[in-house]
Amino acid sequence: MSFILRRALLAIPSLFGLLVVTFLMIHVSPADPATTLAGDNATAEQIARIRHQYGLDQPLAVQFVRYVADVAQLDFGDSQYSSRPVATDLLGRLPATLELTLVALILATALGIPIGVVAAMHHNRWPDITLRLLSVAGVAVATFWLAIMLQMFFSMRLGWLPLRGRLTDGLAAPAGPTGLLLVDSLLHGDLTVFTDAFAHIVLPAATLALGGIATIARFTRAGVLDTMSRDFVQYARATGTPRQRLIWIYVLRNSVLAAVSQIGLLFGGLIAGSVVVESIFDWPGIGNYTVQAILTADSKVLLAVTLLIGVIYAVVNILTDLAQAAIDPRLRERR
Amino acid sequence: MSAPILDVSGLRVSIHGEAGVARILHHIALRLERGRIMGLVGESGCGKSTFIRTILGVLAKGGRVESGRIAFDGIDLLAMSDRAMNSQIRGRRIGFIPQDPLLALNPLFRVGTQLLEIMRNHAAPGDHRARLLDLLRRVQLPDPEGALRRYPHQFSGGQRQRLLIAAALTCAPALIVADEPTTALDVTTQQQILILLKELVAETGTALLFVTHDLGVVAQTCDEMAVIYAGQMVETGPTRDVLANPRHPYTRALLACHPDRSTGFASIPGTVPPALHMPPGCRFAPRCPIAQSACPARKPHLLTVGPDHTADCILYETAA
Amino acid sequence: MPPAIRRLLRDIPTSVGLLIVLVVVALAIAGPWLAPYPGDASASHLIRRLKPPSADFPFGTDNLGRDIFSRVILGARGALEVSLLVVGASMAIGVPLGLVAGYGTGWVSEAIMRVTDVFLALPQLVLALALAQMLGPSLESAMIALVVTYWPFFTRIVFSETGQLRTALFVDALQGLGASRTRILLLHILPNTASPIIVRATIGLGFTILVAATLGFLGMGATPPDPDWGLAVAQSRTYLPAAWWFATFPGLAILFTVLGFNLLGDGLRDILDPRLRRSR
Amino acid sequence: MDLTRRQAGALSLAAMLATAGRASAAQAGTIVRSDGQPQNLDPHQIFDVPMMGYALNTYDGLYRYEGNPPEMQPWLAESHTSSPDGLTWTFTLRKGAKFHDGSDVTAADIVYSFQRVLALGKAPASAFLPILKPANITAPDATTVKFQLDKPYGPFLAAIPIVAIVNPRAIKPNEKANDWGATWLASNEAGSGAYKLDPASYTPIERLDLQRFPDHFYGWKDNPKPVETVLYRLAHETSTGVLGLMNGSIDMTDSYLPTDQVEQIQSSKSARVEKSTSMRVFVIRMNNAKPPFDNLNARKAFAHAFNYGGFITDILKGYADRDGTPMPNTLWGFPKDAALYEYDLDKAKDYMKKAMAEGAPMKRPVEIHIQSQLEQTNQAAQLFQSDLQSIGINLKVVGDTWANITSNTAKADTTPDMWIHWVSTYFVDPENWVGQMYDSQFSGTWKASSWYKNPAVDDMLGQARGQVDQGQRQALYEKATKQIVDDCVDIWVYNTVELRGLSRRISNYRFCPVGSGGEIRWMQLT
């Protein structure tokens, strides 16, 4: 517990640095939020009034201190675009993005690890070479292109999977508690919504997961090959442990250590990738919200999103450390 | 005399790697009777470990048995499939004690899990846990109950080796192969482990093939010994005979190097030949002080030089 | 043939990668002479809009009647230029900082690494988008954004390598001989960090092409009429699903190019980094 | 790609999902529209095309534009009178109109609504701020509203439908610190319109649900099969919206479909395209303050180099009407006899020579900013570029965004050399086009981003603005427009034909340039 607390405290300076960098970058922008705020037909005086009203005519340092003070009280301000509290909008969208990225992560792990193990077991023979080529291709494919191709094939040509959105329009989403449709629908025993939500998440999650599958497969493969050359594997073989059992239980646990450390990095990549995927599949998550904020120079939203992603990063890193400690007893003592 | 538990003859093993073919074992022959302890002695790199791996059927990648026979209790091990070796021999009838007990245990699993895994695969049905605890007490491990819940790195070196000795005994094997089991330990611990091993052999009636580079350990522990040089078996015989009356020039040189024996600092001139470029014939010939011109042409084979005492040297060719 | 190259060529995936990279480089250099309609970089032919693939136009034509095959070929140069510039600039910033931070021990080193960590934690695509938006969407601002987010990777690598080398015996020996700090850094430590830098740079080239294409797709990178691949996919969306060729071929061009760099990078890593060679 | 039945069966997961994949919005009474929401839901803060698509359904005004060309219809007001000097305007309200909370719409509510617009001072206020003080809006009785203007203002009546009437009883409890309930109304609704918002459904940008309001004053007798539920589900890319339309998951797209989509939608079983001539002009702006565009011959060279016919016929497939002036050609005040610029590269070269003789830097690279999200601006720029290249002018296309460009147009030196946009119908009056685009008093707004200053034109536009008589105003606007065309201030390309994708389930689509046909209450579902 103290470990988590210490890690959380360590993350604060980084988050602060992140805030400074983002704040500076946003405020050197030529785009004037006051113009956006005033709307299409506003006059110059109207714009000036709005600039004053939002404190946009204050020196940068003043604006920053004011902002940090607000953030410290968990007040992220109002969106300059929609005039709504940023925190409300962001929290409302977070479950959609979390659901998408978590499903993608599960998919990446559930497929990436076995692929990596199989490749390692057939080291340098054709299954290995094929899987290696495929996994590199998985990292090389442009997400936006893959998403469009999947849409064209599975939604338009075959009509098997929905084109867009998170749930068929008009279908009522179950009320809470998690906001994750797949979980909530099961909790409410609503199979219609579950099937529908599942059908909707397949394509975006698969698009998002592909790079992750490839990455995890690569690290697992390297990990298995490394572990296989270790003495304890020799010993286990010499004491007659069945091969499949040896690999899938004993070798795998050692091999996923490296892959697990990748998952932390991967999660950041998934969040970033969701910007593209959400826009193509009309997924109502923070990725789309972010793009909108970028297009409208909505600085409060951009700052909050950056902070949120920073916090998610920190949390994921702590979780990664915990997962590694759960796998490796030696790490547990080192803390 | 009953049939030997281990009978190896004419064994040749090579490793096929990127750089070429390394003929690691060139001519290995030995017989080990039931309940006896045999020390297998040689410098590092002479092929001792490869020999053990060959017996257990876990040769490294590219390893290939070119010729020869390994009979274990009359069964031809080289003819067995990997699956059969796994289910009938390794861990079940041949126990194994590795060189470095720290590296040999998976650091991520509890010791209990790992030892019970071996029993799960091989031991007769029954209360494995209780039997394991018995064994741990037998190898004098403190707090056996707690030990099962601990991880490998939480033990001292000696304790770990005791664990692995217990592991080798779990299935009451007819043969235990120990690969330098005391090398990684400090001298006092080494003594305790050796005494323990000797007691256990006497008690359980298992045979022990004890691989080491330490002649002192052999002298103290083993009934018989075999000397190996660059993949060739050069001398075998009862420990006392061989030590008292070494017949092969290499054995003599080795004994001369041993600090207990030699009066001054002595060493064998030259180096062990590289695995990829082994000399023909007798591989010791290039370093042998009494080599003859015929040595490089000699096909290796052991010659009887005394009661149960053999050596592989051109010197005894005529005497035979 | 040196053994390193022989080993590289014997590995099928690596040689495939090398082949692709060579083809892309050749296209980048000789594109205007190889493309059947080099004028289609900027010209438009309203008469032959959106024609499906045929003998005349193997990849079909786009929304302004331009030959997609030619534009895919012509796009290679831009993609390569962008990635070379971005990776080059990232190295120019990241490597010296990594050397200084790794070799020193004081607060300078600490400060550099803290800043690096902050930049590493920035969500790359989001930052790139935001920067591109702020500086005005153009290839130049996309490139600046990519450099801003990519240099820390080099700092990290060089930092850890230098840190290891600093404690190595030969550096002690050099210091003992009175070699200057700069001399040690440039002549002895830098060459020893070359391998991981080369590997990272190779993979970075592919990665940059991918992110630049994504920015182009989102309208924050290359601008029309650049024969940019990502931009082409973005423009093609209006004409889907009918004009499938418009989206397909530029996307495949991205895939193959990035694949080539990644395969080559993987191969180089296995050859240059002896610690990893075992895993082959 | 045809799969045999067995192969398809083997993919059991896909088979299980097949129903979900095909699931369409074809639920009785419900339609899904994929066009965008307004920035927020307060009709007094936001005033743009998406807001009108929303507010026309949820709010009512005193008058409403209907039909094409648009005509003012009595709406919450039955009639009005104005004093001969054009300063006093009196509106009589209809009786029985109710807000969504069931309370009556009274004259006091109208006063509150107009005062709120003025107090917030955002975009919808710009037509009224210079001529109307809050105190001068009064309610002599429950059905009469009186406006006393500071000075005569020609477009006053035309601007009346802009103001949505809001319910003060719903807003006042939610006011914070004199904000006139701005924060609350940004995510809620307080109107009397034909549809009411389900506030719980509101997720900015993404989704918004509307339910039919059975007690709407207009009644529903004219519409036996009205739309009961409207689901706004933004398609972030028009192309996704079109795909959704074709696979039946979307019933209504925005009205700016790419022309290339028309054929493919028409050939699909479930959807069609409505084509309506609008009042929405496509302009390529030139920054008259920057060389070479400060030179008339230079501007003419550019104007003659744009391939109007090719763009309209080949790229837009004919779905646009050539309009060489800043005025929609269907609106009064459009000068039918104006001399237009045609595509003629020889003339362009001549003008270029003249301009260069006068010292205009025609060889300097010129930047044209496009709105990256809007493919048509890109196509126009690229077409322009390839023609300009052939006469030796170097045009550089710069991808940009609306937010960015409109920030930059605040100053002449940050305004792009050229940029492309449309001017839509906010209110049906020439003031909405020439008035706000070319009167130099508006320089610094995006609409007047040419930085054009001609005192004669300023004078004419001021006069037209300051009187009520439409005949006199028409003459002034025609004259001013001709002068502006002669000055070749910008490059005017066409008046839009709006293309909206609709499900074949929807009939009785009524288009009006104000709101672009987004008014749902007329639609019938079959």
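A, B, C and D are the chain letters, set down in written order, and residue numbers restart from 1 in every chain.
The criterion applied here is as follows: a contact is a pair of C-beta atoms (placed from the backbone, for glycine too) under 8 Å apart; a residue touches a chain by one contact, two chains touch by 3 or more.
On a predicted model such as this, the values are computed, not experimentally measured, just so you know.
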Of all chains shown, the one whose Cα mean is least distant from the combined Cα mean is A
Measuring between Cα centroids, which chain is at the maximum distance from chain A?
B
Distance in whole angstrom between the CA centres of chain A and chain B is 54
Let me have the rounded angstrom distance from the C-alpha centre of chain C over to the C-alpha centre of chain D, please.
43
Chain centre separation (chain B, chain D; CA means) in Å:
90
Report the inter-chain centroid distance for chain A and chain C in whole angstrom, where each centroid is the mean of the CA atoms.
23
Junction residues of chain A, two or more chains touched
30-31, 156-157, 279, 291, 295, 297
Could you list which residues of chain D touch at least two other chains?
237, 243, 373, 401, 404
What parts of chain C, by residue number, touch at least two of the other chains?
133, 136, 237, 240-241
Give every touching pair of chains, nothing left out.
A-B, A-C, A-D, C-D
Listed in rising order, chain A residues that touch chain C in their complex are 13-14, 17-18, 21-22, 25-26, 28-31, 124, 129, 132-133, 136-137, 139-146, 148-149, 152, 156-157, 221-222, 225-226, 229, 268, 271-273, 275-276, 279, 290-291, 294-295, 297, 302, 305-306, 309-310, 313
Interface with chain A, chain D side, in the complex: residues 1, 3, 14, 16-23, 25, 27, 30, 32, 39-40, 42, 45-48, 121-127, 129, 182-183, 186-187, 203-207, 229, 231, 233-237, 240, 243-244, 246-247, 249, 373, 401-404, 406-408, 410, 414, 426, 436, 442, 444-447
List of chain A residues in touch with chain B within their complex:
230-232, 234-243, 250, 253-254, 327-330
Contact residues on chain A for chain D in the complex?
30-32, 35-36, 38-44, 46-47, 49-50, 78-79, 81-84, 89, 92-93, 151, 154-165, 168-170, 195-196, 198-200, 202, 279-280, 282, 284, 288-289, 291-292, 295-297
In the complex, go through chain C and note every residue touching chain D.
42-44, 46-47, 49-50, 63-64, 133, 136-138, 219-220, 223-225, 235, 237-242
